Amino acid sequence: MTFFLAGIATLLAAAVLQAAVPRPLRLAFFAFVTVAGLIAAGTGALMTLLNGTESILFTLPFPFERATLELDPLSAFFALTISLGGIAGTIYGVGYLGGYPERSLRGHLFAFALFLVSMLLVVTTRAVLSFLFAWELMSLWSLVLLFFDRSNDEVRDATINYFVAMHVAFALILTGFLLFMTRSGSGDFASFSAVMSDPSFTETALLILFAGFAIKAGFIPFHSWLPKAHPAAPSHVSGLMSGIMIKTGIYGILRFTLIVGVPTTRFAIIVLVVAIVSSVVGVLYALAQHDLKRLLAYSSIENIGIVGIGIGLSMIGMRIGNGPLILLGMTGALIHLVNHSLFKGLLFYGAGALYRATHTRDIDKLGGIIGRMPKTALLFIIGSVAIAGLPPLNGFIGEFVLYLSMLSGAPHASGSYGGLVVLTAGALALTGILALYCFTKACGIVFLGSPRSNAVETARDPGGAMIAGMTILAFAVFVIGLYPAPLFALAVTVAAGYPYPGDAAAAAMPVVATLGSVSRVLLLFILLFAFLYYIRNRLIAGGGGIAPAATWGCGYRHGTARMQYTASSYVSPLMTLSGRLLGLGTDLERPQGLFPARTAFRSHPHDLVDDYLIAPGAKLIRYLFSLLRWVQSGDMAQYILYGVLFLAAALVWIMGGN
Amino acid sequence: MSQILTILFGVGILYLALTSRMRTYIQVIALQGFILFLLIVRDFGHIDWFTFFFLAFETLAFKTIIVPVMLWRIVERTHVAREADPNIPQFGSIVIGTIVFLSGFAVTDWVSRTDPSVDALAFGIAVSTLIIAFFIILSRKKLITQVMGYMLMQNAVALLMIAMAVELPLLVNLGVLLDIFTLMFLFLLFLGKLHSTYEETSREKLTSLRDQP
Amino acid sequence: MARTLNILLLLFLPFLMLGIINRVKALAGGRKGFPLLQPFFDTLKLLRKGAVVSTVTSWVFAVAPALALAATFTALLIAPGVGRTQVIAFDGDIVLCLYLLGLAKFFQLISALDTGSAFEGMGASREALFSVIVEPSLFIFAGTLALVSGHMSFGELFSLSGGSAWPTVAASAGAIMLFLILLTEGCRIPIDDPNTHLELTMIHEVMILDNSGPDLAFLQYAAALKMYLFATLIAALILPADIPAIHAAFALPVVALLCAVLAGLVESLLARFRISHVPQFLFLTVALSLITLAAAIYFRGGVA
Amino acid sequence: MMIPILLVFPLLAAVPLFTLRSRQAERSVLIAHALLTAGAVLYWAVAGPEEFIGYFRADTGNLLFLALIATVYIAVIPASYRYLEREKVSELWHRIYVVSMLLFVFSMTGAILASNLGLFWVFIEATTLASAPFIYFERHESSLEATWKYVFICSVGIAIAFIGILFLALSAKGVCDLFYTDLIRNAPQLGRFWLLFSFPFIVVGLGTKAGVAPMHSWLPDAHSEAPSPVSAFLSGMLLNTALYGLYRVFQVLDAAGLRREAAIFFLICGFASLLISAVYLAGATNFKRLLAYSSIENMGIIFIGVALGGAGIFAAFLHLMAHSFAKTTLFITAGNIAHRFGTKDIAGVSGLREADRPTGALWGIGFAALAGLPPFPIFISEFLIAREMVTQGRFGLLAAFLLLVTLVLYGMARAAFKMYLGTAPETAKREPPRLIEWLPQAILLLILCILGVAMPDAIRHIITAAGF
């Protein structure tokens, strides 16, 4: 706890002191202090995870009065995730911001440090008011970070959208909290568990809370803000938002599951279904995108869905007393959550480097970057393999634990629950393969092949700090992928806090052994690959070496770069298959006349929630508003009439004996 | 005696609903001021002499003389002899005026059953006057007519005060009168301003400030 | 012993399957066909050659074949071999096996895109699409087996037991499904036609148009291995649970070769589907896996 | 001794100003008056209640309102100075400005200090008189229109309020006079019928001045046409002052056992205000009107808080305080923006952040404060109001409240971000920002921020006491 508090203090110091440091040194100073603070906070969190819960009570003036900061395993786990992601994000961010020498960045850095602090506070406070306070500050600072690029209309719209979405989320969370609070008579989270005797009340309150947290986390259909905000933010911020911030929504759900204990069946199934929909539809939407950062944003929705699948399974497990589902579902969710924060950070940072170099996020304008930005390309491909959930990288580990939970949990689940679990496995597999499809597109079209436009010509790898930030993440991606046991152990510490029939630690032992086997197979695979690659090079050298040539054009000699498969053609077979769900809209300007001057074909992704929920909702509100158009007509007599009518109505009401 | 005066007050207001001539409006306002003065003289004799004197003086001076004169001067200056075309035709006005009176007295009947201490006649006429005043403010187009409506409203309030025999402290009475008459000056000042800005001072001109949702 | 045998079989049985398919097709077409081990010799020949590499490509193109082969080979080490013994076995190994295939696929796809060729992009796109449909059915099927058996390891999962008709139902539905997947992943007619020379109609072959020499050898071996994998799965599934060890040792090669014969027959008798019809065909696998799941729930005691 | 000084000073000071004819002297008088007001507030806070000729009283009950008057006054003076300097107003209008301001503050202080409802009414009416020249100050056609509407609607409203007071007096006839303390003490003896009968009149009447629906309509016009420092005054002070009297009457009804009925009126007005402001904020094209609608919204929230009772009352007064601070900041800042960009249209302003950093920051932070984001107290007050709704089990109200507040925020955020982000138009003045233009507001926001995070007990007691 001491370390943790010291870390927060250091971050606050970084926020304030950087303003006083002269501009040339400011970024370096900021990076140094912030990373130090995050390391301290992360160490504190890690120590708690190893040693047990710690809490500290502050006596403060109104409005907080009593505020508790507590690091229990769940909080510590998230604090650790935030610290890790924050360190890479800070280092990368400083590199990224180095490209804006003309800006003072005082405000941006201030918001950056406070953003980190508020996230750390969100996961450690234990009372309604202080939680909401930290929560809103987190939204506020992320909002400030979001509009880094101020001259852009897209950024503005995304900011407004984000602001409103966050407020809706806040309103829901507030309502949920208040329901608990008034029942228990105290704002302390700890007191909430006392009011759970009324299941239907608890379920309602939980559903409201879930909806609120789901907006933050980006579950479909609550996700609308996310694919707009992430692309608009500068990349170091998108990385943090997507990698860390949306996880606080997950934290909220987990925290309340922890408080409530066993949720109702209906709630568990709702969570699971929402999660499945998010993962499958999220990745389908990701596939459809032309904008690299939007693609990554939708992919965040998918990954949050995967995390949600674990949580949903765990909840169902709690309901039916199924140990593997509880323990491994939760563990898998937590592992995937950490993993996602690593590789999604890596991918966003890669996309940021790309944007800095090419000034476009349009996948179809890129191509062949790998020759010009080899480091970025390598790191991005590593991130892509990881996010597709493929071995030997970390993405696989989380999904593996989830599959393990389903395979070992299903036989002990009675009746239709077993079927549900198996279908969930199918959904996870579908998500996994679609993610693979999606990220072969992201890597393949963006980095490989020939350049599709001259945006690519000037592309160069970014400088040291940005590469360093990404390398840290890539390194973590490898380490966790090959040696998952420590992370698994930490996640088990957290998961053991949930109602589990029996000894959770003992139940986790065989899984550790399994993960050991996985590691060994993966090592074997790597050795085999190294061997084969060596052989291949030797064989080629022995067989006459490499003869460079043009790509085989199947006899056609005038192939141009524009004839390569594009982002949309690559996914078009799937698009035709998934039809309206995906809603990839197309515009075709048909050729006209004998000598058509110009034809065009464009495809643009839709979002069903935007099209059928948000847009009609906005339209409805506009319509309802227009019904009140007459109110401020400018006619003074009419204004007075309102008062007179009100008065008359009131008097009639009174005379009617009210 | 006071009942006759009160009824006269009421007849005046009914007459107002009938006419659209500015001169008539002003005459009625002055008449009402004078009736109020008489009523005050009759009913408020028992209160302390300073307040009494003050009330009586203010009513006579301002309500009966100064305000009507000022209104008249504005009318002269702006050449508005009559309310151009009221929102509701003449005949309709009479009907509405009658209905207003009836409903005013219905209210009064109901009120006086709840609280018999209220002077039902005066209360009824005051309420009716109030409603007519609102009616004029809401339905007439000329700003000057609306100001007259406001003045009628003030007369109604004064009659109401008499009807209910409510005594306010001197300080308050002083302030009330001071405020109202300053306000009237202000109205007329701005009315003059408005007239010099716009050709015709009807309330339809004043709708440039508005909003769309 | 069985493990060693497994590995040995891996080295030539896949080639033999290719040879048999070819032979069956040739016989059906009234031709003689090339020697049964010709694919093996072709591969050996390719290994002795140099490579022609497009200047557009990057290191991705260079590592992908070795990586794909390594991943596929490792996956095969996990798969149930002779008598359902696996070289490596642990809980949930099936997931690793299938995901290793995924890794191979990932690199094959981006290696195809690396060439910047429209044809190879097209192949990659189609290959990816078909996997999208096949993958969930495999997992649902595996989950169903786990649901019933309570086991988590490949060999145990595929060893069907239990009363009533469950093993029969599961084995028949599963075998059909796996055979369909074998045709798909093995790039056979009616999904794909490895022999055509019209690039537009190919899937797997068009993806590796630019690979040559040892790279091509690796990729072809990997493709053969993958087909063999599904044959082993079919073998594991249809063999009775209590088969004696010595019989089991012969069972796998026999089933694998039977699969090859069957595939050859299918190729001889069917024409290739229009690409746009392939997904409909593949949804059959999803349907089969769902049927198995429904059967499993029924045999476990119904929906409760 | 402070009450008479405070009441007499502006009246006496107004006279010599006409003879001195020096702008410097005029400004000095304003500053002296502001400091005097602040001094008086401090004096009362320390020395306790004071009474003057029975009709005026300063105690903990109105200290919050007095303190807000003093704060807003002090904050507005530099802005007024800058405004008068910038607009190059004539000798005459300069004097009119100063004298009106003296009288305006005088009438508001009087209204708050008055311990008699009738006297309160007199002063409220006087505020209309004193502020009318302000609204006309810029002498456009539109300001003339706004002034006319302002004066007329407020006068009608105030006349209605007077009728209500008459009825209230009737209900108190034979029991007591219209002194708040007497009324509240003797509330059970008051005639219930007339008491209830009077309330809608008083709500509509004083509600007109307090800027709540249904008689809010003057507010956007007046606020948008008045000079910005004056708009700050209107929003930050005048609305509070009207609410003060209304709340006292509410208390009388509460004490007389008519809380339910009174609360219904307040709730209807409050929600109607929220609705109207949500509707018109969404389409606002003029940023001063935007702020004015936001004032309507915030008064609506205060009404809702009062109607809820319990913790809602504290929340309402906390909200009132926070709103005064934030709105003062924003109106003064809006004045600076209007000057720099030469327009009050939202469409004409963009790139505030680039054009004028301190103003941009104030605009952004001020909006955050108004939007109920932490660390500002509106966050706390809205939280408390929502909590009170849940405690009372009024989930329908809560849903409507949260929905409307969200819609309001959408309208405001749309405009605020539009203005803050983007690039500044060519026509924007490039002069560097001056300290006097932003420092007072920055201090206000800083205080507000501190109050939202760690409120000293003294201030908390003052806010609590305003509810008693």
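Observations
Labels A, B, C and D are assigned to the chains in the order they are written; within every chain, residues are numbered from 1.
Please note the rule applied: a contact is a pair of C-beta atoms (placed from the backbone, for glycine too) under 8 Å apart; a residue touches a chain by one contact, two chains touch by 3 or more.
Source: prediction; values computed, not measured.
Distance between Cα centroids is largest for the pairing of chain B with C. Between the Cα centres of chain A and chain B there is a gap of 68 Å. Centre-to-centre, using mean CA coordinates, chain B is 31 Å away from chain D.
Work out the mean CA point of chain C and of chain D, and you get 77 Å between them. If you average the Cα atoms of chain A and of chain D, the two centres end up 43 Å apart.
Each of residues 625, 628, 632, 636, 640, 651 in chain A touches at least two other chains.
Contact with two or more other chains is made by residues 137, 146, 206, 208-209, 211-213 of chain B. Residues of chain C in contact with two or more other chains: none. Annotation, chain-chain contacts: A-B, A-C, A-D, B-D (touch as defined at the top). Taken in their complex, chain A has these residues touching chain D: 60-64, 107, 129, 132-133, 136-137, 139-140, 147, 150-153, 155-156, 159-160, 163-164, 167-168, 171, 174-175, 178-179, 181-182, 621-622, 625, 628, 631-632, 636, 639-640, 642-643, 645-647, 650-651, 654, 658. Considering their complex, residues 625-626, 628-629, 632-637, 640-641, 644, 651, 655 of chain A touch chain B. Contacts from chain D toward chain A in the complex involve residues 148-149, 152-153, 156-157, 160, 196-197, 199-201, 203-204, 208, 213-215, 217-218, 220, 261, 265, 275-276, 278-280, 282-283, 351, 353-354, 361, 368, 371, 373-375, 377, 379-380, 383, 386-387, 389-391, 398, 402-403, 405-407, 409-410, 413-414, 417-418, 420-423, 452, 454-457, 460. Those residues of chain D lying in contact with chain B across their complex are 55, 116, 118-119, 121-123, 125-126, 128-129, 132, 136, 141-142, 144-149, 151-152, 155-156, 159, 162-163, 166-167, 169-170, 173, 177-178, 191, 193-194, 220-221, 224-225, 279-280, 282-285, 289.
Across the complex, chain C meets chain A through its residues 47-60, 63, 65-67, 69-71, 73-74, 77-78, 88, 90-96, 98-100, 102-103, 105-106, 109-110, 112-119, 121-122, 124-126, 128-129, 131-132, 135-140, 142-144, 146-150, 152, 199, 209-210, 213-215, 218, 275-276, 279, 289, 293-294, 296-297, 300-304.
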